[in-house]
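Letters A, B, C and D mark the chains in the order given here, with residues in each chain numbered from 1 onward.
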Amino acid sequence: MSEPLLIDLSKKGRKAYCFPPLDLPRGFDQALPLLPANLIRQKSARLPEVAELDVVRHFTRLSNQVHGVDNGMYPLGSCTMKYNPKLSEHIAGMREFTQIHPLQDISTSQGCLSVMYNLLEDLSSITGMSWGTLQPCAGAHGEYTGLKMIRSYFLKKGEAQRTKVLIPISAHGTNPASAAVNGFDVVPIASDEKGMVDLADLASKLDDTTAALMLTNPNTLGLFEKEILQISTMVHNSGALLYYDGANLNAIMGMATPGDMGFDVIHLNLHKTFSTPHGGGGPGSGPVMCNDTLRPFLPKPDIELTDSGYVYRWDDEDSIGKVSLFWGNFLVLLRAYVYILRMGSEGIRAAARHAVLNANYVASRLASTFPIPYGKRCMHEFVLSCENLKEQYGVTAQDVAKALIDEGYHPPTMYFPSLVSEALMIEPTESESLETLDTFVDTLLAIAERAKTDSESLKTAPHTTVVGRLDEVRAVKQPDLRY
Amino acid sequence: MSEPLLIDLSKKGRKAYCFPPLDLPRGFDQALPLLPANLIRQKSARLPEVAELDVVRHFTRLSNQVHGVDNGMYPLGSCTMKYNPKLSEHIAGMREFTQIHPLQDISTSQGCLSVMYNLLEDLSSITGMSWGTLQPCAGAHGEYTGLKMIRSYFLKKGEAQRTKVLIPISAHGTNPASAAVNGFDVVPIASDEKGMVDLADLASKLDDTTAALMLTNPNTLGLFEKEILQISTMVHNSGALLYYDGANLNAIMGMATPGDMGFDVIHLNLHKTFSTPHGGGGPGSGPVMCNDTLRPFLPKPDIELTDSGYVYRWDDEDSIGKVSLFWGNFLVLLRAYVYILRMGSEGIRAAARHAVLNANYVASRLASTFPIPYGKRCMHEFVLSCENLKEQYGVTAQDVAKALIDEGYHPPTMYFPSLVSEALMIEPTESESLETLDTFVDTLLAIAERAKTDSESLKTAPHTTVVGRLDEVRAVKQPDLRY
Amino acid sequence: MVYPYIPHTDEDRKHMLKAIGVDSLDQLFDGLSEDLLLSDSVPISHGRTEDEVQRMIDSIAQRNVRGIPFLGCGCYDHIIPATVKALSSLPSFVTAYTPYQAEMSQGLLQAIYEFQSMICEITGLDVANASLYDGANAASEAASLMIGAKRKATTVLVSETLHPFTLQVLQTWAKGTEHVIRLVGEKEGVVDLSSLASLLDPSCSGLIVQSPNRYGLLEDYTDVAGILHEQGCLFAISNDPLSLAIQKSPAEWDADIAIGDTQSLGLSLAFGGPSCGYMAVKESLLRKIPGRIVGATVDEQGRRGYTLTLQAREQHIKRERATSNVCSNQALAALMTTIHLSSLGWGGMVDAANQSYAKSHYLAYHLAQLPGITLIWDKPFWCEFPLVFSDAKRMRKFLQELRNEGIFAGVRLSSLTRQVKDELVLLVAVTEKRSREELEMYLAAARRVMK
Amino acid sequence: MVYPYIPHTDEDRKHMLKAIGVDSLDQLFDGLSEDLLLSDSVPISHGRTEDEVQRMIDSIAQRNVRGIPFLGCGCYDHIIPATVKALSSLPSFVTAYTPYQAEMSQGLLQAIYEFQSMICEITGLDVANASLYDGANAASEAASLMIGAKRKATTVLVSETLHPFTLQVLQTWAKGTEHVIRLVGEKEGVVDLSSLASLLDPSCSGLIVQSPNRYGLLEDYTDVAGILHEQGCLFAISNDPLSLAIQKSPAEWDADIAIGDTQSLGLSLAFGGPSCGYMAVKESLLRKIPGRIVGATVDEQGRRGYTLTLQAREQHIKRERATSNVCSNQALAALMTTIHLSSLGWGGMVDAANQSYAKSHYLAYHLAQLPGITLIWDKPFWCEFPLVFSDAKRMRKFLQELRNEGIFAGVRLSSLTRQVKDELVLLVAVTEKRSREELEMYLAAARRVMK
């Protein structure tokens, strides 16, 4: 059943919440009369005036119209929708953390600081980097921060002319956007026939105006860039730096480090690799880790462990400065810390190994029905093509995706990367069991079968949801963005 | 989608949970070898061996196949399905309460004792009684306790021959069952044409073998027993006691007290009147409150406030003894206490008044379509009849109930009390807004309309649930009670 | 005027009163005579806002002290996976009523079916109900069942080694009725069944025993079932269900009835409640078991579904002839146990039970070395054991000193039995949750006091 | 071997490897050269069980001290209804991804639509996005928007009275780029716009101001929009959104862009994060606003539904030409704000804002009577105010003594600005949550120290 807007249940005089009465002496018991008239708001805002039960039912019902990892498999490529442990949620709800103010005297927040310091240490170990920052609030924010550090590094070095950032055409859209936001010019790098960075193209574009090459490794096709050490040498020889987009770190953590691959700076997505929940699109967290070359440029404040406990360090001259209001999304950091404590070194490694195992298993079972243009051997994810279904039955990748919804699965990422036509990008993650994977594969195979006999029902899927496919054009042409 | 049994996902070697390794010195690191062989269990139990994510998804999906108050209106007569405040849930989850042991030194559990003591005080005020016990775990358990006290009272008084308990035929089934469990003989009392206790019948059955009359007031027809003071006099004159089944206290709290009506003992249902959640059938709580006559017979221990704090009193000679393992369902008591703190004297009274307002409003809107045999003026609930629909279209009370499910409502209580044929017993509670009531009424009226044109779809309702009407006969004849 | 949790506006009230055809809310109460209507509001405090209540509760909560609990006696501090609270607090589980409307309650019904199945598996018996109030009430329901199962029976034999509070609940149950609780004495800490046969007269319906018993000791029921069954009597065993991961199950002792409390399987201490009683019986007693039962069946399309069944036993149908008056039970607590067991699996249950065994023996062994403390009775125990102190003063000092270090050292048996003979007995519980460090803290403090 | 959160059994692994056609897990990593594969496990600690982690976290948590916070500076201790946590923690909200698949995400999309609507209502502007990281990043996104909206513009005027950390984030934003942040100075605690017109050269894209500003003072923007608009410049105001229940809204000042942080609307202190930035703009800037936007539309059957829209602005389509690089935002925090506002309604928001006003003035008035403390600048303030101490030693003593009584008395401005001139300034925040009793405790302690 569709749920009305809460504002439509609104009624004057109804209240879900009351504040304690103001118990101040006369003269202090009113606000407005004391304010200069020209500072006073004139127009009321229209907010729902409803009862507590209205609020409870509204959001409870809305939650029943959302699919999360807790509801079923979520094989959304490049998003690493792994299980979000209940323990982490419990701990993130502890009053000993939620009721700490970011600016209270540092002697009274040593618990929070210890979480952040130890998390930085663990992330340094896992990535093979020297140190980092926890301030960035999401992956793209991490990219912004890392690139800003690179820019500052070259300015300090007197190489202001390095204004180009090289980015493979298969990269996530945030990579070029983050480069642009930092004032860089974006230069695309081609992929070779194997889906890897085209080394010749790279060589031709590396020069003394190049600031960095941004890479995701494994890349968005789920392939490990085998020539990474050569790439690293080429980049560094040209005087540029190598940036690692950590979106796919889940494939290799504990097995190899970006540090050993020669990366100078890396952002992580704690909400991908380190199991913090996505929350419907955030809050995420995008720590940036770097080697000693870039360390002086990290945002401030840094955290240091001294004899008298943890302290902030504000005096880094080369620091790019702050990138968020306080210290980052602390409750997200806390969850990631809990995850690392639970997993430990063996668990971190096992996560990568089983993520890769799961992806290869699903790929190997699907490959004979759905072509996988760049090969069914992959890392943690792979990209298949629905090209055949489209040619033969007019069934597109989108139709397959929507049909999965009716079977209780969140669809894979669609139409990305663009190297593959009618692409579906599947990342099962290590959380899914063999049985779940088998059922998922069977469902996809059954959909492929249905394409032959009943393509119409696929083209109109989903049928079980509260709404069917929406008129996206109308949404753009007649924007209805608020009540 | 139907959800498999978790045991069917079970797989040897899979684990959702691990314990810390045992870190004791040798000689203490094993259990079984040290136990005599004939005490050792031989056969394993078959429990699910699954992963944590399996557990999470299983119970999350199961919860999506359950309708609670948070999902929609729950007008289940005699059950008072009012809103269960989120504040109470939050407080009942505080470690300062959940981690207190019932037998830790009393100096370390004064917080818990203060909650119980103050709750007893408030319940005494609300019911007009002297004192009570919080031990009973449910309404029927309260009935058992109250009747046990009555029995002990008469034994102490030397009136062992008082073995009869009078119970109106319209009473809940637990009343006679509780009397029987205590060794009483149950004598039914007729209702008069207005649905009230038949005074003549009562008079004819009161004698010196009568221990008590059990009454619900308002009764299960939602009618207030107007002659309650006369009934009380009659009962007491015969030397018997008057027992109040508090199931319907929500109709009168703050407006009148069972004490003033002449009742000697009363049980409450905190999970009805005092907003603690029903939890799918418990844990409830059924405190028993009584006047001075019965107070010596209350279960022990009692709680007393002394100069050195709260203490237990174990020395009541006449006490019937303990009725549950420890002190009662403490976390339920805590929720009820929070509710009373929130509501206060005005709120408690307002709850009753609005519960009655809501019931009368719904009754008045439905009366012309659904006959209400005992009149549309009621207290907090009323009983309508689907007799007409059955006669004219073959649509039964059950069909109407099941059709409501498809519209997102939990059905009213069906076929009770038996005084009304094709009965639906509707109790909206004070939590529901005018808008919700109107939509509910409109839905019922629409169903009555549909009976004329499309009775078939009503007879096969519900259609939107994971299963349709179940074969109850098969469930009894071929019991399948476990995996 | 706005009241908490009541959505009505002044407008609403007016509109509704008009529709009803009355002038005021008061008029709706005109069935109540003047002398019944309260002139004043009930003498409880005024309402408070959420924030005020939370503050008040915070200050009440501060009067509770949390220590490291070596406390048991029917309520144990075991490890509970985070899944239990997270999933059992899903709002539709919490705010649903008894699943009378099966189509709208399949999730709940299926969870109860799984609970019943697990109780059957753990006890080894055939049929389990949907839960009872607690372990003590499960015992009195077992007593009722026994008496109801045998013609002219009035008596139930009950071991003196039952939990003292369970005994008290049973005594309350018998009080004022024709039922008789006849105690079977103990010998060296366990029930003495050497002359059981001689106790079995025709009035006798059966025997209830407990293992681990009130002292934490495991009892041996070799031959007991045979003797009882020969006289048409039933055999009921009460267990801490977690102990059944190690010790012989009721089925293995050929018991007819298994009872107990699932507190040790996923329920927090919670000042003793809610906990969750259970009962399982042999197939032959199926129609005599009290409480609700869920069964599987099919709908018209043949789809499997779950429903409350065998309701002919229950009060709302059978009224005074019901097998019991139990109506509401402890459904949400049973759900917690179901989630707990789903998370642990049998392997986890065995692990928890083994570790409780090992840790309790480790502590007992070392405490027994100290002067002034005796570990009475050289009997098998599990998770909990009885210490006897040489004198009351040292015992008090021991408890006080350990409490000062944040250790709740044990439960004095006399606080349960109110008997002088038990005053020097301390029951110490050690679950798998107690870390080695906590055990050593306990021992170090004990050595300091008892040197 | 069983690893946390990984369901594979040995059997599973064997079966899967066989299906893939490899012999070992290692073989799956044969794309990584030997010199890349780690020979040892990464040097972090071994895994721990749930219970061990919980204990470890409990002991870490004990190193945090909770006091009565009179602390603000962008993070305030307001009352939050119990509904907020209860509903925002519903598992499908928590564990869903960005709602790219609209049919499976209607609940989330609708909630975001409601969030956008509320932000529009509160700011008075036309279009709001689905949230930004925080208030400081909302400011840098506003700066980007301004520069992108005016040809050849490079400069953004920024009031010196912005939150010091917001200023720092803006300075970082400009660093290394062609963008220039030009500060507009303050005068007596508020931004000095007396010579605004003269600052507006063609490179200038607009002005960002904040009210209540870094001192808690409310600023007067009479005529500001007119001057800016005349030069083709945009006007952005950053607010604590709760203050907009009282003070003039961005729309009422004719601002083009409203930014801020919804922390004061339903988010806990949480050591400063997550909070939730917001941005609303006039209709004319619709296609330039950064971040995600949800719109309503219909499906083929004409049923109303919600979807992410106007994605042509975003990075995954427009890549380096996107209006911003923002992708993930603070959706769950925005949901909390939506639930909070749904619970409070406008009446509740006004009440909270009024009480914050009244209580902060009460405390300020009485503190100002004390020797050694001055309430600088006789300007309107809301919820937070600046005190100046006569000397550093007394200030330290004041903070220390109050902390000893469990009162966190305020934030030293120099801890944000690291500037000597701010060392004697203490910012004191008083929300509606501070009870009268807490205010009197503060005053009593202050009087004791400052006598």
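Here, contacts are C-beta pairs under 8 Å (C-beta built on N, C-alpha and C of every residue); 3 or more make two chains touch, one makes a residue touch a chain.
Chain identities (UniProt): A, B, C, D = glycine dehydrogenase (aminomethyl-transferring).
Please read all numbers here as calculations on a predicted model, not as lab measurements.
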Pair joined by more contacting C-beta pairs (A-D or A-C): A-D
Centre distance in Å when chain A and chain B are each reduced to the mean of their C-alpha atoms: 47
Separation of chain B from chain C, taking each centre as the mean of its C-alpha atoms, in whole Å: 19
Approximate Å spacing (C-alpha centroids) for the pair chain A, chain C: 46
Numbers and ranges of chain B residues touching at least 2 other chains: 11, 14-15, 17-20, 50-54, 56, 60-61, 64, 69-71, 83, 85-87, 89, 431-433
Residue numbers of chain D (touch at least two other chains): 4-7, 12, 48-51, 79, 81-83, 85-87, 90-91, 435
Contact graph of the chains (line, ring, star, complete, other): complete
Sites on chain A touched by chain B in the complex: 1, 9, 11, 14, 51-54, 56-57, 60-61, 64, 69-72, 83, 85-86, 408, 431-433, 435
Contact set on chain B toward chain D in their complex: 11-15, 17-20, 50-54, 56, 60, 85-87, 89-90
For the chain C and chain A complex, residues of the former touching the latter: 2, 4-7, 9-12, 48-52, 81-83, 85-87, 91
Chain D-touching residues of chain C, taken from the complex the two chains share: 50-51, 55, 79, 81-82, 86, 90-91, 433, 435
